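Next come the structures, one after another.
Here come two complexes built around chain A, the first alongside chain B, the second alongside chain C.
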Partner chain A sequence: MLERWNPTVKAFTVLICVILLSFEYLVSLNLLVLAVCLLLLMFCSRVSLKKIGVILLPACIAAFGLFVTGLYYARGGSTQTMDLSSLSAMPYSVRAALSQNLYTALQLATRLLAYAGLGILFALSTEGDFFIASLLHQCHLPPKFAYGILAAFHLMPGMAREYAQVRTAFAARGLKAGPLSMKPVFTMLVNSVRWSESIAMAMESKGFCGDAPRTYYTVPRVHWYDLAAAALMVGGVVLGMLFLKY
Partner chain B sequence: MNTKNWKLKDVLLIAISAVLFGVVYLGCTYIGGVLYGMLTPFGMASLGYEPFYGIYFMAGAFGIYVMRKPGTGLIAELLAAVLECLYGNYFGPIIILSGLVQGLGFELIIALKHYKKFDRMTMIEGAVICSVLTLIYNLFISGYNKIAIPVLAIMLVVRIISAIVFDGFITPMLADGLVKAGVLKGYAVAQAQDADLED
Partner chain C sequence: MSANTALELEDAVFRYQEKGKRNILDHTSLSIPAGTLTVLMGGSGCGKSTLAAVAAGLYPENGGFLESGTIRLYGQDLKTLDPQKRAAYLTVLFQNPDLQFCMNTLREEMRFCLENIRVPAGEMDARIDRAAAELGIAPLLDRTLSTLSGGEKQKAALSCLYVMESRCILLDESFANLDHEAAAQLLEMLLRMKTSGRTILAIDHKADLWLEAADEIILLEEGGKVAARGIHCKNLPEHRTDFERLGLFYPGSRPERAARPVAEGKPLLQFRGVSIRKGLPTRRKWGRTVYDAPFLVQNVDADFPAGCMTAVLGPSGTGKTTTFLSVLKQHPYTGRILFQGRDIAKMKSKELYRHIGIVFQNPANQFVTQNVEDEVCVGLRLWEPGLSDEACRQRAEELLDRYGLKRQRRYSPYMLSQGQQRRLAVLSVLAGGQELLLLDEPTYGQDARSVNAIMEHLREKVEQEGLTVIFITHDTELAAAWADKIYRLEDTALVEKSAEEVL
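Showing the complex of A and B:
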């Protein structure tokens, strides 16, 4: 079901929710948004639980890092005064809980999780080709850009392989190339220019022309239910902002 | 913003180089991840990825430095963001919003110079503006507003240094190297250097 939600409408829904959430620091609303997104993914899409877990893990790590930052360095926080009041004998968790920073830390971390929930909702339920087709028709992205993006998108696995090969070639010649070295990047850039020329030539020789009118295999449309789903989600966030207190 | 004067191969070059810089960034996230883990107990976790922040701006910086047309920086960053979104980043379409902010940095300073000056100083200024704009974006969208100012200052300084290294120096050097290798014929950056030789 989520897969059939028009990608452009879905993307704008996510963006509007994010901008609305950025005006509030409501921990409960943030967690609610995350929960709703995950539940929607679990029950209204064909995404496997494992996939959700794999993509959620880095988001959780990032949220934890932000949580600790908030705990120590919240603006106007009370960490310094607490240290002075000789509470150092107390266990770390108690000290942290005593601190007013805990709430700020939660605000920061849950906000990131809410964003991640919304982002994952989009990322896992949207097929690349369908998203680009939708941008082409709903956002009037010029075909040159749409098909250019798709070409680069599908080139990615080949590029990762080539990048590994270039690094191996450097190693075989006894040249040191650390992860930050720009030598393999330069070689890859030369290849990129060549690829862009040959792909452009290949597309144009098959009759691709960016500006002439053309027909399409699939034309994504915006239906009433796309807009209804968007209104429901944005409405839910607005209601949460109005009625939730913490 | 005129997209009529973009050829298909221009779009492909920008998109493919954006994917390449994405691959480079992925390689660096391993170091970033280690730093992140080490800094977490000190509450400075976000600082772990900050030294590589400049790589985010490389697609835009490279695009505008090579093509030198109005809107290139912005379009290049947007292309990079859409691609990142397609690969399934956990921020999804939010990336497009940050791409917009990242693209604006170079676009602004180079527009002020009427798309004529592309020396080292201009690129460094662009890198600094990009860093400041993205931190302002973080203040509002990521809620960094709630973090103590000294910590934000450290983050900004590291981000600026990273941006200057990656976008002020490395990106123009890579592009100039490509010109010397003779692969960028027909792009504005090569024509500008030919003109320099004739003077």
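Showing the complex of A and C:
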């Protein structure tokens, strides 16, 4: 279902939600957005749980990092400045400072998670080809770029194979090429430039012309339900901003 | 000039640099009658591929400079045609099967082609289905293109041209990387297209496959000029001298067998019960690697004698290259591989590479510097770290001179021609004084003259310096001509064959 949502509309919806969230500091809203995104992915799309987990894991680590940073170094007064205050009041003030910082930290961390949720909602439920086709028609992306991107996109597995081959060739010549070494990358890039030329010529010989009019087998359209879904999601966030307190 | 001429070049002058001196096409005039199958042959660097690109209108649009001349497709001046209209007259099937598609599956690619030439959406499915049925490629339609084999990719690319109903199909060495079987299937598709009135113009290094089907063979010489034409299978012997003068493969001729009896003594490389699987372990279960890929080679024993040239034959995709990688410890295997009687599993990689060098199918992948001379120096320095700069350069220059690359020593390796790249690769690998050279498809994209040059050179090294060469090829004639010992990879086994048997 999510896969059928028009990708351009989906992209704009996600973008608007992200912008709206960046004006608010509501922990509950952030968590709600994350939960909705995950539920949608789990029940309204074909994405496997494992994939969601793999992508969400680094986001969780980053969120935890942000949480710790917010907790100890927030501007509301850190635990170190608390040391300077009167000793007798210390347990209370530490608690107070922590509770204030805790909230800031939660705000930051959950916001990052909400962004991650929105990001994977788009990324995992959108097929590259469909997205490009939609950009072509809904955003009037010139065919030259659209098909160029598609060609590059489908060349990726070949490039990965090429890179592995170059590394093997280097190893067989007795040269150490560490995982971060630039030399195999350079060789691969030289080859890639040649490839792109060849592909461009092959496309042109098949009658492709960057700016000439062309027919389309399928034209992705924006249906009422695409807009309704967008309105529902943006509306939900706006309502949350108006009525949620924390 | 009539519409009966599919392609006509009139006094075309083309070069890559506007101010350059060397014309790739030097006052070339050529006409190809419509409805025929014509084969264009010519030595490496004679401008065949340039001619194809100019005829298809890809040059000068994508590079180069056309000084003068007119090109006509079915009587229409090429300049007046945009790519859309051009595709109705002439399309090109290129050499590299990997670089012809921009979509995910063949069906999508065919739709892309039809969209290009503005076929209404409603007609597309019918046209695709019809083409698929006629060419027998229905099983390929919905497979991901990047997972197809080289032969299947070329078939897919050809059916795209077919579905566009282009009147002339130009093949730019499209069979170069295919084994015999795949090439024969492709030829059959082409002949079917010819009977429906298409013109087919094929550029190739070898005419053997085309001989029976071709209406005419045209030989080109330097500058893309026509050296001889009107050749077909009946009058072929009269033109033998032309083939030899231009350094081309004369159809049916076999280079003289240069092989010698295999020397007695201990083999340099031995396989004992070696099994190799396709791909890497795919799954891990409870911490153990689980192999479920099919076997490429299973429980094989083989001896590769020292001071000899050994060929490994077999169709593409049967695992020849992977076997080489296993010898270099770059691909897992089971069993024992012995080098000079020592198990390579017990040797350090660095030590192994000191004895074994490899030249890959695409030598451009193994260059590590941006300068031909440095490339050799790296090879030298690697095994003699103490060598002074001066001495190293001097040695490199000597070697380059011997390999006929001295003039290009300041070039970037990527600027060399295919044949030169291969020579440089062999040179830079052997600069370290390795005893065993593994060569992967030495004929890849080269004409008779450069293949013979490289094989002769290696033969010399084998005889004088006791080098051992193992080369992979799908070219049975090459194996029969040069190899002292021939193995054929059949059904996961390495079977020893005599030269007569493989022919």
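One rule holds for everything that comes next: the second predicted complex is superposed on the first by the 225 of 246 C-alpha atoms of A that agree within 3 Å, B and C clash if a C-alpha of one lies under 4 Å from a C-alpha of the other, contacts with A are read in each partner's own complex, and residues count from 1 in each chain.
Just so it is clear, a contact is a pair of C-beta atoms (placed from the backbone, for glycine too) under 8 Å apart; a residue touches a chain by one contact, two chains touch by 3 or more.
Remember, predicted model here, so these are calculated numbers, not experimental data.
Is A:Tyr217 in contact with chain B, with chain C, with both, or with neither (first, second, both, neither)?
second
Please indicate which partner A:Val14 is in contact with in the superposed arrangement: first for chain B, second for chain C, both, or neither.
first
Between chain B (first) and chain C (second), which does A:Leu56 come into contact with in this model arrangement: first, second, both, or neither?
first
For A:Met203, select first, second, both or neither according to whether it touches chain B, chain C, the two together, or no partner.
Once the two structures are laid over each other on A, A:Met203 reaches both partners.
Does chain A have more residues touched by chain B or by chain C?
Result: the larger residue contact count on chain A belongs to B.
Once chain A of both complexes is superposed, is A:Ala116 in touch with chain B (first), chain C (second), both, or neither?
first
In the overlaid three-chain picture, which partner chain does A:Gly65 touch, first (chain B) or second (chain C), both, or neither?
After superposition on chain A, A:Gly65 lies in contact with chain B alone.
Figure out whether A:Val190 sits in contact with chain B (first) or chain C (second), or with both, or with neither.
After superposing on A, A:Val190 lies in contact with both chain B and chain C.
Let me test your reading of the model: by the given contact rule, A:Ala151 touches which partner, first (chain B), second (chain C), both or neither?
In the superposed model, A:Ala151 contacts both chain B and chain C.
Contacts for A:Ala172 in the overlay, against chain B (first) and chain C (second): which applies, first, second, both or neither?
second
If you lay the two complexes on top of each other, which residues of chain A touch chain B in one and chain C in the other?
151, 190, 195, 197, 199-201, 203-204, 208
How about chain C: which of its residues touch chain A in the complex?
Spelled out, the residues of chain C in touch with chain A are 53, 56, 58, 61-62, 82-84, 86-88, 91-92, 94, 96, 98-104, 108, 111-121, 124, 145-146, 157, 160-161, 164, 325, 328, 330, 349-350, 353-354, 357-358, 360, 362, 364-368, 378-379, 382-383, 414, 428-429, 432.
Under the stated contact criterion, what part of chain A meets chain C in this complex?
Residue positions touching the partner: 129, 147, 150-151, 154, 157-158, 162, 165-166, 168-175, 183, 187, 190-191, 195, 197-209, 212-218.
Quick check: in the complex, which residue numbers of chain A touch chain B?
My answer: residues 10-12, 14-15, 18-19, 22, 25, 55-56, 58-59, 61, 64-66, 68-77, 104, 107-108, 111-112, 115-116, 118-124, 128, 131-132, 135, 142, 144-145, 148-149, 151-153, 155-156, 159-160, 163, 179-180, 182, 185-186, 188-190, 192-197, 199-201, 203-204, 208, 210-211.
Considering only the defined contacts, which chain B positions touch chain A in the complex?
Going by the criterion above, the answer is residues 3-4, 6-9, 11-20, 23-24, 27-28, 30-31, 36, 39-46, 48, 75, 79, 82-83, 85-97, 140-143, 145-151, 170, 173-174, 177-178, 181, 183-184.
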